[in-house]
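Pasting the structures here.
The same chain A turns up in both complexes below, where it pairs with chain B and then with chain C.
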Partner chain A sequence: MNILIIGLSLAAMLFLLSAGLTLIFGMGGIINFAHGSFYMLGAYGGFQVIDSTGSFWLALVLAPLGGAAVGVLVERLALRPVYNREPFVQMLLTFGVILILEEGVRAVWGLDYKDVSAPAVLAAPVHVLGATVSAFRLFLIAFGAAMAALLFLVLEKTPVGTVVRAASADPEMVRALGIDVGLVRTGVFAFGTGLAALAGAVTAPLFPVELGMGFGVIIDCFVVVVIGGLGSIKGAVAASLLLGLVRAGGYGFAPEWVDLLSYCLLIAVLLLRPHGLFGRQRRLA
Partner chain B sequence: MTGRTRLIAVTLLVAALAVVLALTGVGAERLLLLNLVLVYAVFAVGYDLAFGVAGLLSLGHAAFFGLGAYLLANLTLRAHWPFEAALLAAGIGGGVLAAAVGGVALRLTGIFFALVTLAFGQLCFILAGNHLRAWTGGLDGISGVPRPVLFGLDFASDRLFLLYTAVVFAILLLVAARLRASPFGQVVAGIRLNPVRIEQLGWRTNRFRVAIFAVSGFYAGIAGALQASLLFFASPQIIEWTTSGDVLIMTVLGGAGTLFGPVVGAAAFELLRDELSRLTDRWYGLLGLVFVLVTIFAPGGIMGGAGRLLRRARP
Partner chain C sequence: MRIKRGIVAAAAVLAIVRPSLAAEPAPTSFRIAAIIGLSGPLAVIGADMRRGVEVALDERNRTINGVPIEITWDDSEGKPQVTVQKAASRIAAGANMVFGEIGSPATVALSGLTEQREVPLLVTFAADNALTTPGRLHWTFRTGKNVNSTVGVTAGFAERNHVRKVFGITPDYEAARDSWTLFKTLAATKGIEVVGEEFHQTPARDFSILLDKAMRSGADALYTVSQGNDAITLLKQANEVGLKEKMKLFGPGMVDEIIMRAVGPAGVDVGSTLRYHWSEDFPANKDFVARYKAKYGELPSANAGDAYDGMRWWLRVVADTHSWDKKDWVAAMTGSVITDSVEGRKDMGACDHQARQIALAGVGVEQTAPDLPKYGMKITDILQPGQIYRPCP
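Presenting the complex of A and B:
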């Protein structure tokens, strides 16, 4: 039971992180290496809000807004000037952004790691079906599921979602219809980085908040995004669940081999089905 | 001057400069920096053979670099090989691993190739840190990596070691220059520009890609070995993907696709790191800022920008 809960909560976190990454990729083909840094930014932002106001819930609102604001700056100032160059140039720029964000965080919050505690409501363990589980992890699972449903609804059922999907499929056509594609791109990028920051803030009580916390996470994100299929939200849900459960199960039996296994999985999927295990086409949702 | 004589002249000049600097007044704290510049210049020159010449964006070069470091450490410390033999073995090891990775990953192109190399690199990082502890010393790494002794001359001081790295650097730079100008290099460059046409001309494009990738891995292995010797330490930290990111940044900063660009980039990277860290604690962020600005406003890197300025000055 506990392994299941841990696996699902891990899946929720992986989903929040990789949904943003996969959206950004689906939009402009940008591999955002700085995604992990936005996750870190969100975790520190969450820590700051909780430290000053004492409210975890306020952190869940403010941290993603902060992440999105920084995302707007990055997209407008760094990525926009190079959309017409070779695709790898955008990826290179995100390397530079990593350095800048790490430095920014170090300048504001210093070198020591921060501890964030779970909100009081969720601090006590609860009993489910005869097992004692962490209430915070249950909340995380529900939160992740709700966000997945919301994202899916927005992308599939609203006019905004239609524009986003259309702009990633055929930007020229959408531009011809009088829609500002640049604005859509900025919006999607900011939304994606906001999601990463949200993931950082909501999982801050589970992990130490520290510099460099984004470096390992970004690789996990790539695993999810590639297995799910680049640009696919459905795939991201399925791959997060798969990876989260495999990891939680693996930590119980052979903790040393879990990371190795996920990288092998990544390599195998890339070589055999580069467009992911779920769905062949490259489109959103 | 023709291209080749100019090249040889410049190379000898750089090597001679390093020798002069090594034997004369350079302060002791600068010697380590100059050594690092040369080591990373070897790494970046090799990286650019894959990236600039063949157009292969690799994010797994940290693994070849790290393998070189560990091979040198193990062969000298445990198997008691002579330093030069171990250095060569480090290069060959990097080349063989690169050939293996390339052989598998080169079924893909572009960003998918980059992601496979990234996954291979991280796989090696995990292996070195957690699974091959007997061989890598786990997270502690291996300390006490020796410096070379040649013809009775001990290169233990940074000053003399700079001579050693300068000679290795000069040799490898000349080899890279020959390779670029050779028919082999021309075919590889052609594959970057138009793979279909080269295929139609009867070349097996994938063999050429794997071959240049292996050569690139050889350079990375040598650079990793030299770095371990320079720092007396082989650390698992150097295998993490950020090392691959660093060498990519150096190459692009200096000017990808040119012979001297990666050298200039490596020097600029290390000098900026050193200078900025004297002036301010915020050097890493400033480095990121410089990198972003160069990438946006000077597409050819420092070398490209300098070339444009020269042309403008001389219409």
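Presenting the complex of A and C:
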């Protein structure tokens, strides 16, 4: 039971981390290597809000807004001029964004670790079917599930989602219909970076808040995105669940081999479904 | 025969006059190549070490025997390959000594280079026993603590806190496994039973399942060799499930002032060895703390204190040789003694180049004094060198 609950909490964290990345790639076609840096920015922003106001909940609102605001700047100033260039130009550019964000965080908050604790109401351990888990983990599971449902609803069931999907599939056609595709792209990028910042703020009570924290998570994010299928939110949900449970099982039975198990899962999925669980092969002609 | 006699005589004359012939001319500057982690997770440690060294240089007015001291700071990124590459470049440019690195793998790699190039290496942080195995390295000196001493202190800590059953969580790399094996051996001699052990990858993303195993094991204490980010993750996640209410939590170097800033209340009452503490009651320490506070406006961390003390000791030995020959410095440092270090007397082992010194154990505490950070460390035990280190034969 403990493995299941921990697995679900890991899945929730993985989904929150990777949702923004898959959204930005799926809707904008951008491989954002700076995603981990937005995650870090969210954690530091969350720390600042909690330090100033004492409210973890307010941090969950303001940190993603801050991440989205920085995302708007990055998209407008850096990415927009290179949308029609080769993909490696975008990749190099997002590498540059990593350096800028890291130096920015260092200049504002310094080198020290920051302490972010779970809110008092979620700080106590709870007993679920014989397993001792923290209330904060249960909150994370619920929060991750709610975010997945919300994202799915917005993208699949609302006019905004329809425009975003259409702009991703055929931007020229959408532009011909009078819709500002540039604005859609900016919005999607900002929403994705906001999600990364939200992940940083909400998971900060569990991990060290420090300058290198973005590098550690970016590999996990890419594993989820590749297993789920590039650009698929449904795939991100499934991959997060699969990877979270495999990792939790690994911690239970072979903690020295957890990463190896994760990569075996990745290889197995790619062998069976080269485009990921929910990825679609794009037509070339 | 006459020729042979002439050669012998010439050799004898050369042997007599060798010191003056071999004496190195005074350099235009004394160059220190500092190679430490200044970015990524190690940056917080590296920055403090740098501050400690800078205070040591200021204390000498940044000169040694009338020659200015030049120090260069290179970011090792915590990687052995980068460390060796940058150190090689500095040595080729004429570095007189090397200071660094932080992590044991990079420091061991660095020691290979400095041995080969015959340049002294001063180590204040890395604790791997391989750096001070007797007779192994000639040019390397460690003024900080080693693994054996820190494990010995934690075993004593367990005994004094009446630990009977212990569960171990250890990172899966050689030095950490060796450390855990040594602890198990020492624990057995003190009647402490090891009821379970787990090994984890590093960096570790989640400890909750391992912590659950520890809580179900019947142990009254959890011992962990996890350090840095892993220690922070472990402490935060242990706090989530109220582990400290059920068992004692301790480990070598597990918490210090830096970690306490990261975990806050999750570190309170956690036992650890301390590399150095600003409150140590020695005149030289009071002087150092005052200088450090005046320069940086805060108390020195363990990493700053260790780096300061090591560099101060080394520069004093070099100055006392009145020589610019590296071999003379190494000979002088081997078996040297500093009686007024920030931790009192320290003896450099002639057999292994490991400093014999007092060792500290402490716990994380909440601090109420207005000029102190909210969370810090308190010394609980001071062990004398004879209790921890084997004397050189």
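Quick note on the criterion: the second predicted complex is superposed on the first by the 266 of 285 C-alpha atoms of A that agree within 3 Å, B and C clash if a C-alpha of one lies under 4 Å from a C-alpha of the other, contacts with A are read in each partner's own complex, and residues count from 1 in each chain.
Here is the rule we use: a contact is a pair of C-beta atoms (placed from the backbone, for glycine too) under 8 Å apart; a residue touches a chain by one contact, two chains touch by 3 or more.
The shown structure was predicted, so the numbers you read here are calculated from the model rather than taken from an experiment.
After superposition on chain A, the partners chain B and chain C are seen to clash. Of the two partner chains placed by superposition, only chain C is touched by A:137; chain B is not. Legend: residue contacts after superposition of the two complexes on their common chain; A:104 is shown touching chain B, with no touch to chain C.
When the two complexes are overlaid on their common chain A, residue A:95 makes contact with chain B while staying clear of chain C. Residue contacts after overlaying the shared chain place A:182 against neither chain B nor chain C. Contacts of A:82 after superposition: chain B is touched, whereas chain C is not reached.
When the two structures are aligned on the shared chain, A:31 is found in touch with chain B, with no touch to chain C. Of the two partner chains placed around the shared chain by superposition, chain B and chain C are both touched by A:256. Once the two complexes are laid over each other on the shared chain, residue contacts for A:215 go to chain B and to chain C alike. With chain A as the common frame, the single stretch of chain C that clashes into chain B is 81-89; none of the other options in 9-17, 27-35 or 81-89 do. Annotation: chain A residues 215, 256, 259 touch chain B in one complex and chain C in the other.
By the touch criterion stated above, chain A contacts chain B in their complex at residues 29, 31, 33, 78, 81-82, 85, 87-89, 91-93, 95-100, 102-104, 106-107, 215, 219, 222-223, 226, 256, 259-260, 263-264, 266-267, 270-271, 274.
On the chain A side of its complex with chain C, the touching residues are 2-3, 6, 9-10, 111-115, 117-118, 123-125, 131-134, 136-137, 205-212, 215-216, 220, 247-248, 251-252, 255-259. Remark: chain B residues 57, 104-105, 107-108, 110-112, 114-116, 118-120, 122-123, 126-127, 130-131, 240-242, 245, 248-249, 252, 282, 284-289, 291-292, 295-296, 299 touch chain A in the complex. Those residues of chain C whose C-beta lies close enough to touch chain A in the complex are 39-41, 43-44, 47, 172, 198-201, 203, 205-206, 208-210, 212, 215, 229, 232-233, 236-237, 239-242, 258-259, 261-266, 375.
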